[in-house]
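The following blocks contain the structures, represented as structure tokens.
The two complexes that follow have subunit A in common; it is paired with subunit B in the first and with subunit C in the second.
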Partner chain A sequence: MRRGVGAARFAREKERDTRFEAVASQLTATRVAQAREHFDSFRLKLQEFALKHRDRINKDPVFRQKFCEMCAAIGVDPLISSRGFWSRLLGVGNFYSELGVQVLTICMATRPQNGGILELSECCHRVRRLRGNLAPPIDEGDIERAIERVAVLGHGGITVMKRRGKTTILSLPDELNPDQTIVLDLAHEKGHVSCRQLNEAFAWTKERSMAVLMVFLREGLVWVDTQVTAEEGGEALYWFPSLALSRLEEDDE
Partner chain B sequence: MNDEVATDHGRPTPFLGEEEVSKISPLSWKVGHGGDYTQGKNGRLTSHRLLWEEEGSSAWRCIRLDRIRDTEIKSSWFHGRKVVLQPSTPTDAPPISLRTAESELDALHSHVTAALQQAVWKVHGYQLQSNVGGLSRVLRRQEGRMQQQEETVREALNDLQALRQNANQMAEMARHLSRSYSSGNAAGGAEQAEKDELSQLMVDYGLADATLLQKASRSASGDDYYQHLAHDLGAFVQRVLAKSVTNSSAPEASTTDQPMSDAEGDDAAVAAAQNGGISGGNGMLLLHDLFCLFNRWKGTELISPEELLTAMQMACDDPSQGLRLRRFANGRVLAVHSADMDDDRMAATLVALIERTAGRNGGMSASQVAAALKCSVSLALLQLQAGEARGHLVRDDTVQGLYFYRNFFFDDAK
Partner chain C sequence: MESNQWSSPTEFWDLPPFFTIQPTDATREKQLSLWLQVVCHYCRAQRQYFIDISERMADSAPFHNAKAKRKLTLDGLRKICSYMVQHGHGVWMDEGQNRMAVFWRKPQEWAAAIYRWASDSGHLNSVETLFSLREGDDTRDQDFHGLPHEILLIALQALEGQGKAQIFRGSSSDHDGVKFFSQAA
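And now, the complex of A and B:
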């Protein structure tokens, strides 16, 4: 005999569903309440931490790095909003926004000289000079992080290129092709390249070398020195201003 | 019983012949039987005394070991074990109780006992080592400073570690909660409010991704920060763009309706633009440049790139603002321009500029155009390429540079 067919069964099922729903919503409510409690207690912890170490985060690049590593490890991004707790309590959001503006400004200001290739160390040096002595100190990691932040506005404007332990900030309208990239690598060694150097390093023909160098020259990335003495090779040298400058500074140190 | 300690640049001045035995952290102490424990930090035991720094002030206090007769470990039913120091004089003096981590208690007790037995202080007495002069004094001071620095670093890292554990739990839970929410069915009114609150919390704690950021910004989240920001940003962009269009003095562009607002803000925006050497070229502005300009204009309470992007998207979704967000080069570059600007008009302006500057048969490179429009080279190149794609311009790729010319065939075709 079949049972529970018809209106009675529907009524019963409906009642069961509403009961399930009630239990489910109660469960969620408890979970949310608990979450809020946890959030509140965490906010207290963060406040405590801010009270004690806020200055250190803003003044000590190493500690700031550790702090950022910690945030990255747990998947928290304190810089996403300048109004979140992290920024309000610790001031990190503002710090990186400010640095981002400064780095972008420097890239733009130095473009007439370097065509958009800026060595990270030189950028760091210039940012420090721009900020003055009273501002909290920054290091190269901070600059990289600031540039990473700006990347959400599109990757075309400014990118960080890391090759062979050297970090370069590129603010070029176009991406570099592979040939151009390895020429830039070579240029890190001396600050300049020539057709002969390219031939020795990559066994390129003069035509291939000149094709790359002419693009660089045209885009204003290199300065050409035609007055090269015979003992230096007697061949035109193509200088990357920012790389040459940072090499000079390294030698001074 | 516990004395203040003479310090030298924030470090306690040692006594003659004093040597450090062990560090005690954490440390709390009390005198007598009743009352509460007081917290101390940087606790340490030397051959002469027990030292600690008072919590909240940088004053150091100590208990001299020559005044201690005996030490023992006592355990109480409720509070766990403690080390008790019995003063030698007077005989009825109240004992001093010390607490530290349970694991270090035995070590502390044995160290104190050993120090009491050795009684190093009998050799030189309690004579401050202050008569050290010259180089050694400088070196010692330096060493002290370094040691102190190292200690504060260690303390800070410990705190950071503690924070990390807390944050870890918090992040885990928040993610779990948001997963269970997003897998759930369409929410009702009350649940929706809770969901909004949760996503706001996630944004506040930096757990949000871009979509959540936008969602949180759209929801009625206590205050309408993003609405205000989008409004301010829209007005700011319009001022900059209007200025750039009048600057390039293109006859076609004069029809742009210019919602000029307060002259003061306009001046400030333009001053900022000139200061940074950037402005909207040809009625268009790269978001990178906007980020610089807007934050410079704000001066304080800078906004993050994410916030800029979200607010700009909101401003562009609002038809009354009359702005469009545009992606160039496969979405790699983002720019904003007024809604009545299109590629053909933009290209026409460029053609007019090239003819004005280089003559009817002349060409211009991206950097020349950038200089003329006072915009970044990237933006100039993007606009030239867009003009080329529409057929208004043609390129000449030479050794001297990439030049753009007017496309006469296009004119003929018309």
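And now, the complex of A and C:
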């Protein structure tokens, strides 16, 4: 006897498929509902946590960083989520906006002397001085996060450059071209560059090096030093003040 | 006082290119304003009142930084002094502009300090010699004590311009005198 042949079999299989589908969609719905429930309870927990530790989040840089890391790991951005939900809850959003403005202010204020290149540590130092002793303490991580916030302002804003274990804040009117970028990169090593250094590092001609250095000089990114002693190489050095000063401080320590 | 006890008000003083006058306008402006701070700070700490445009001057602090192995050229020194004169923190003492009086306080500030002293210590409406203002026991605890005659005179002239004092020329600079007037409120 052959089983399930003909119209009856099709009907049966169809019915079975329908049942499977029904079960499947029920399962999916359950999972979604569960996930939503988890998410809701998680959000509640996070809120409770944030409220409970509000003071610490605002006052303790290490704790704040951990909190931000935790939020980042689970894809919640406490700074922009829920249309100011967090800022209402914590004032955290305001915290970074305010800090971002302070960082920008310092970048602008120091531009005449550094041409828009500022070491993160120096920036942090200056922000602390600007905020005064009574303000909650901040650390370099806070400054980086604040810069990410203001970076959304777009072109001509500020960016962060990480090179050779150093973090530098760039607030330049134009983007750097590739030649300029690698010169700045090399400058992180000693705080200054010269035609010879560029020739040794990249086999550049004097003309190519000078083209970059003259733009840097004109834009105020570098200070020229024409009193270089013979032991120091004898040729003009081009100094990036903020990079050089942070090196001097390290030498003193 | 030894110069090595002095520490610069700006970290830029430790930066070698600080001793090369910068070719870019905006950078040079910033540099000269930092130099003005450095010179005023140094002169105040050392009670130094004059700067000569000379190699000897360029070889000594704050124009020479042994640690950075850099010093200013005479031309650089002159540019800094010109900037200070331009901003009211100095005045050339000679036609050839080779010697500058440093105003680490501006003459009006000296004037105000002197007048305050005269008024607080009951020296209004009487004549004082400039010598006693500079060297007298009564002014020993004042910031203007020890101020050179030339600078004191400039400060008092500022007071004279405000109608708060009158200067009397004596037979020698030590005999120059000044009378402080009480101000009608």
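Here is the rule we use: the second predicted complex is superposed on the first by the 197 of 253 C-alpha atoms of A that agree within 3 Å, B and C clash if a C-alpha of one lies under 4 Å from a C-alpha of the other, contacts with A are read in each partner's own complex, and residues count from 1 in each chain.
Throughout what follows, contacts are C-beta pairs under 8 Å (C-beta built on N, C-alpha and C of every residue); 3 or more make two chains touch, one makes a residue touch a chain.
Only a predicted model underlies this, so the values are computations on that prediction, with no experimental measurement involved.
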Pick one for A:218: touches subunit B only (first), subunit C only (second), both, or neither. both
Touch test for A:162: subunit B only (first), subunit C only (second), both, or neither? neither
Give one of first, second, both or neither to describe whether A:63 is in contact with subunit B, with subunit C, with both, or with none. first
Could you let me know whether more residues of subunit A are touched by subunit B or by subunit C? B
For A:237, select first, second, both or neither according to whether it touches subunit B, subunit C, the two together, or no partner. second
Using the superposition on chain A described above, determine whether A:113 touches subunit B (first), subunit C (second), both, or neither. second
First (subunit B), second (subunit C), both or neither: which does A:129 touch? neither
Touch test for A:101: subunit B only (first), subunit C only (second), both, or neither? first
Indicate the residue numbers of subunit A shared between its subunit B interface and its subunit C interface, in ascending order. 217-218, 220
How about subunit B: which of its residues touch subunit A in the complex? 153, 156-157, 159-160, 162-164, 166-171, 173-175, 177, 180, 184, 191, 194, 198, 201, 203-208, 210, 213, 225, 276-278, 286-289, 291-292, 295-296, 301-309, 327-329, 331-334, 366-367, 376-378, 381-382, 398-402
Would you mind writing out the residues of subunit A in touch with subunit B in their complex? 25, 28, 31-32, 35-36, 38-39, 41-42, 45-46, 49, 52-53, 56, 63, 66-67, 70-71, 73-86, 93-94, 96-98, 100-101, 104-105, 108-109, 111, 116, 149-158, 171-174, 214, 217-220
Show which residues of subunit C lie in contact with subunit A when the two form their complex. 11-12, 14-20, 22-24, 26-27, 29-31, 34, 69-71
Which stretch or stretches of subunit A touch subunit C in the complex? 112-113, 115, 217-218, 220, 223-229, 237, 239, 241, 244-245, 248-249
